[in-house]
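Heads up, the next two complexes both have chain A, just with different partners, chain B and then chain C.
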Partner chain A sequence: MLKLILKRFGVAAATILGASLFSFFLLRKLPGDPARLVGGELADEATIASLRHSMGLDSPLPQQFWNYISASFHGDLGFSYSTGQPVSDLVRTRLPATVELGVTGVVTAVLLATVFAAIAVYRKKRGADVSLRVASSLAMGSPPFWLALVAILLLSVNLGIFPGPEGRLSPSLAPPPTVTGFYTVDSLLSGQFGTFVDAARHLILPALTIAVGPFAFLSRLFRSQLRNTMREPFIVVARSRGLTRGSVFLRHAVPNSLLSLVAATAMLTAETMTGSVLVEKVFGWPGVGSMTVDAILQKDFAVVQGVILLSATLYVTVSFLADIVYVVVDPRIRAGAK
Partner chain B sequence: MAVAVAEPRIAVARRRIVQSDRVLVGALAGLALIALIVVAGPFLWHYDANAADLTAQLAAPSADHPLGTDNLGRDLLARVLDGARTSLGAGAVVVVAGAVLGSVTGLLAGALGGMVDTALTWLTNSILCFPSIMLAMAVVMALKPGIPAVVIGLSIHSFPWYMRTIRGEVMRIAALDFVKSTNAIGATQGRILFRHIFPHLISTIVLQMAAVFGASVLSLAAMGFLGMGAQPPTAELGAMITEGQQFFLTGQWWLAAFPGLVLLIAVTLTTIVADRARELLDPRGEYIVAD
Partner chain C sequence: MTTEGSTSTMSIDAARTPADQETLLDVRGLRTEFQTSRGRVAAVRDVSFTIRRRERLAIVGESGSGKSAMAMSIVGLIQPPGRVTAGEIRLGGTDLRGLPDRKLSEIRGNRISLVFQDPMSAFDPIRTIGAQMIENIRAHQPVSKGAARRQAADLLGEVGVTNASSRLADYPHQYSGGMRQRVLIAMALANSPELVIADEPTTALDVTTQAQVLELLDKLVTDRGAALMLITHNLGIVAGFCDTVKVMYAGQLIEESDSRALFAGAAHPYSRELLKCVLRTDRRQDGLLSTIPGTLPDPTQPFTGCSFEPRCPLGKGNPLCRGTEPPVVAVEGPHGTQLAKCHFAGQLELKEER
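Then we have the complex of A and B:
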């Protein structure tokens, strides 16, 4: 088992290295000189040359890559010239907003998908199943940024149920004292109940928009997994011993099918990063996604590189952990590896 | 049943589609209709997508302008037709580019194994840990904003999916008896690969293409929405939603609503087709098992 985990770890490390190599060389192909972008149009040649030297741009490419990798191990992701701050500081202030949004979205998606898929498979009438398939097809086909706009128009502007696209809190409120960086958690910790309600109301619509794509994917997966499990011999055996259909379903079929969701949920972390770029933009959510969009439009390559490295690392780490969960939980995989 | 066994899988699937799967037939017909309208658009509708009419700015949908007009008085129906052509056309380019690149690398990895396989698997794993939009944005930054950069980025992101499935299929099929016997009667490696293994991969590739198409069209629109894809005045559905965004909340809902609706319909139909086709063609799918 340890050997298997070590092997998976090696693959994960090699993947992150590959991803950083890829992004490094892609962004070094940037037209225009990063030193010129930092120094501005009017800087003279000597200034540019010294900037190039201080940014390490005059050393050979492999050397630059090595410097970049070893610095990022120390948490140094470079310097953002458009905001005048270190990239790691920028990411640190922005990340909690994205994580709060992403986690709420993915958890909502997992809950809705398992409940609705279970109902669709359990009910013998086809109505529930057909409606789930229609709903998930539509969810799969809808552009998230467009859905966000429609939701704002209908639910915020016309009905006034939710606040408009103004970020994480109403402009009149001050953020709660930072403990976790999640406004909903921090406001509860400091006992500011009014702030909690406001933060939660701002969170619901963006989180639901983010949940749409993952919901479509997970509900399909869980539905087909459940249907396959229900055909397994051990289900027939359990039924033949006199267990009711309901108890076989809840106590045997559902737990055995849930495992398949682990890897998919891990994979969806990357998807959610993608989704959050757009949804953050629409809702004015001050997270990593909207920062990345601004950085790209301003050619702030250090920020883009940092975010890319971060999201690749996140993705690889989460899928590595999912692999480990399988190895630990499912004896069949351990047996297969021997 | 003896007859059904002798019948090729594709033929069984075709027979069953026409007989029983009304949803699939309906979705295919819908897609065909969209394709027809999009291709024939300029002949069907007399307005020009880029002709500004400053006397008819932000007009609501009417008989003359069925989908209304935008802030420059351009006819929205003409722009939606144009935009759909751009979006769906660029999506098709991504699908084909990814399929070609993915098939070649998948065949190489599956057939050669060893170092080539290890290197290609490493490369594709490294690519797959980027979200598709992140990768497209990085390419946009390295080149310049516009549809070509986005298409390149999305093609790079889509080919690993083909490569993975094809690699697995090549390895599975290469171990089957009929390949061994072809080898025994003296066929060359290249002949086995292209004449005997490749035909079995076509359904896999087509299924993958259908799945990639919907995702690519949405990603393209997303990039257009972020201002990194199609540049004005090119009509593209995602960029049109951005243009309509500022008017959306002030009452001119049609500007952003219709392009999004077209995206929704086209991608949903593709998803349905991809889903149903997978159930029919995938030997592990439920229809085939139930047979």
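Then we have the complex of A and C:
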């Protein structure tokens, strides 16, 4: 068990190192001089040269990479060429917004997908099943940024049920004191119920928008998995012992089928957090995604590099967690891990 | 001496005595059909029989003859696209066919339980053996978890699992095939059923464990006073184990005999051929083990006449066998009456000598 975890950990570390290596050299080979960006159009050659020296850009690439990696171990990811802020600070302020949005979206998607797929498979009448398949096909075919625009137009502009694209809170409200960085959690922790309601209302539309894609995928996966499980011999055997169809479904078919969702959910979580760039932009959500868009437009390599490192870390973390979940919930894997 | 039974019901039970007090299960005119791309196919065709309390009954036939479909039909677990389309299945006084699934669930695993062929795939892989046994017990007995756990441990001990109470916490993959089959048998008998249907219970096991598992089944069924319906394609394990034998062919029962009578001399040519396929240690046997040439008839094609005719050493090509469905004929022998659905039942020796 410990050996397995250590092995997984090694693979995870290697993946992150590889990703940072790749992004480091890729960005160094792109046209554009960071020193020029920092110094500005009007700086003379001597200033640029001294900037290049202080930024470490005049040392050989392997040396630069080594400096970068060793600094990043201490949490130092360099500083943004455009704003001068440390990248780690930028990430630290932006990440909670993205994680709050991503986790809410994925959890919503998982809950809705499992419930609807379970109903579709359990009901003998085909209506529920057909509607789920139609709904998931439509959902899979709709680009998230378009859904975001439609949602804002319909539910916020026309009907006024939800606030417009103004970020995480109404402009008149101050953010709750930071504990977790999640506004919904922090506002509850500090007892600001009004802020909680406002934060939740701002969260619902973007979260639902990014939940649509994962919902479509997960509901299809769970539906087919449930149908297969219901045909397994052990289901018939359990029925032959006198369990009703309902209890066999809930106690045996659903848990066995849920196993197959773990890996997919992990990947979707990472994908949602790193890939909801446009949705964040449309909703004015101050997350990592909108920061990435700005950084790319301003050739802010340090920030882009930091985001790539973050994405890689996120991916390996969730797949590592998924592996751990498998070891915990599936006795067959647990036995193999000993 | 041969008397011809009534042909009106086209079933082997035509000459049977009416159901009495000792009758446990009474199946009449059971028909199970599967909807396939080539039309409706009858897997069980108008089967009738009874099982008495404590009776040991063997259903014998080759793969695809409808034995398992019949067993699943009895407990209402025929899976779509299969469906029971006709007949009565009476347990005590109630017709199981008329019961809603919830009521049937109260009978399954309680009054009638099943032992399946493949112990490897019969357990939920992510729940412990104990959890599954407790679930099984508590589905039918209003006992606490603790009491059910003690029962489960006792049962495991009874079927020969050592360290029973600690092995309850093990998962199915930690048990060997033979041990899993023992656990399945324990579970089938946990709620003291009146009838145990064992569908090829030893087929998936290696030869050395087969005998042990059969012995165990024998003991538990006897101890609890249950009736046993043993479904098998292996006549070899029937001898000395079952009181009566019913031979199934192409969805029909074609011979019904006392087990001693069958081994002394089958009344139906198919049973006779089946017996030749059994490896016997009590007789010298020369050459290769015998096989029955040909295969089961295509069930999508309508039958006329005898379903065994194309493979029958006696009746092949005979216009009578090909054109007219055989009646059920009662043959009196030294071990009692044998029933056979054959035009030439009782004349097999005469015909063979020609």
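We adopt the following convention: the second predicted complex is superposed on the first by the 328 of 338 C-alpha atoms of A that agree within 3 Å, B and C clash if a C-alpha of one lies under 4 Å from a C-alpha of the other, contacts with A are read in each partner's own complex, and residues count from 1 in each chain.
The rule is short, and it goes like this: contacts are C-beta pairs under 8 Å (C-beta built on N, C-alpha and C of every residue); 3 or more make two chains touch, one makes a residue touch a chain.
Bear in mind that the values here come from a model prediction, so they are computed numbers and not experimental data.
J.: Putting chain B and chain C on the same copy of chain A, do they fit or clash?
T.: In the superposition, chain B and chain C stay clear of each other.
J.: Please indicate which partner A:G141 is in contact with in the superposed arrangement: first for chain B, second for chain C, both, or neither.
T.: first
J.: Once the structures are superposed on A, label A:Y315 by its partner contacts, choosing first (chain B), second (chain C), both or neither.
T.: Only chain B is touched by A:Y315; chain C is not.
J.: Touching A:P255 in the superposition: chain B (first), chain C (second), both, neither?
T.: It touches chain C, and chain B stays clear.
J.: Examine A:I152 and indicate which partner it touches, taking first as chain B and second as chain C; both and neither are also allowed.
T.: Touch partner of A:I152: chain B, not chain C.
J.: Of the two partner chains, chain B (first) and chain C (second), which one does A:S172 touch, if any: first, second, both, or neither?
T.: neither
J.: Of the two partner chains, chain B (first) and chain C (second), which one does A:A238 touch, if any: first, second, both, or neither?
T.: second
J.: Looking only at chain A, is it chain B or chain C that touches more of its residues?
T.: Of chain B and chain C, B contacts more residues of chain A.
J.: Would you sort A:V329 into first (chain B), second (chain C), both or neither based on which partner it touches?
T.: second
J.: Once you lay one complex on the other using chain A, what is the shortest C-alpha distance from chain B to chain C, in Å?
T.: 9
J.: Chain A residues touched by both chain B and chain C?
T.: none
J.: With touch defined as at the start, can you tell me which chain A residues reach chain B in the complex?
T.: 11, 14-19, 21-23, 26-27, 29-31, 137-138, 140-147, 149-150, 152-153, 157, 220, 224, 227, 270-271, 273-274, 277-278, 281, 292-293, 296-297, 299, 301, 304, 307-308, 311-312, 315-316
J.: What part of chain B is in contact with chain A in the complex they form?
T.: 122-123, 125-127, 129-134, 137-144, 214, 218, 221-222, 225-228, 238, 241, 245, 248-249, 253, 256-257, 259-260, 263-272, 275, 286
J.: Across the complex, what residues on chain A touch chain C?
T.: 231-234, 236-245, 251-252, 255-256, 259, 329-332, 335
J.: In the complex formed with chain A, which residues of chain C make contact?
T.: Spelled out, the residues of chain C in touch with chain A are 75, 77, 79, 101-102, 105-110, 113-114, 116, 118, 121-128, 132, 135-136, 139-140, 171, 173-174, 184, 187, 191.
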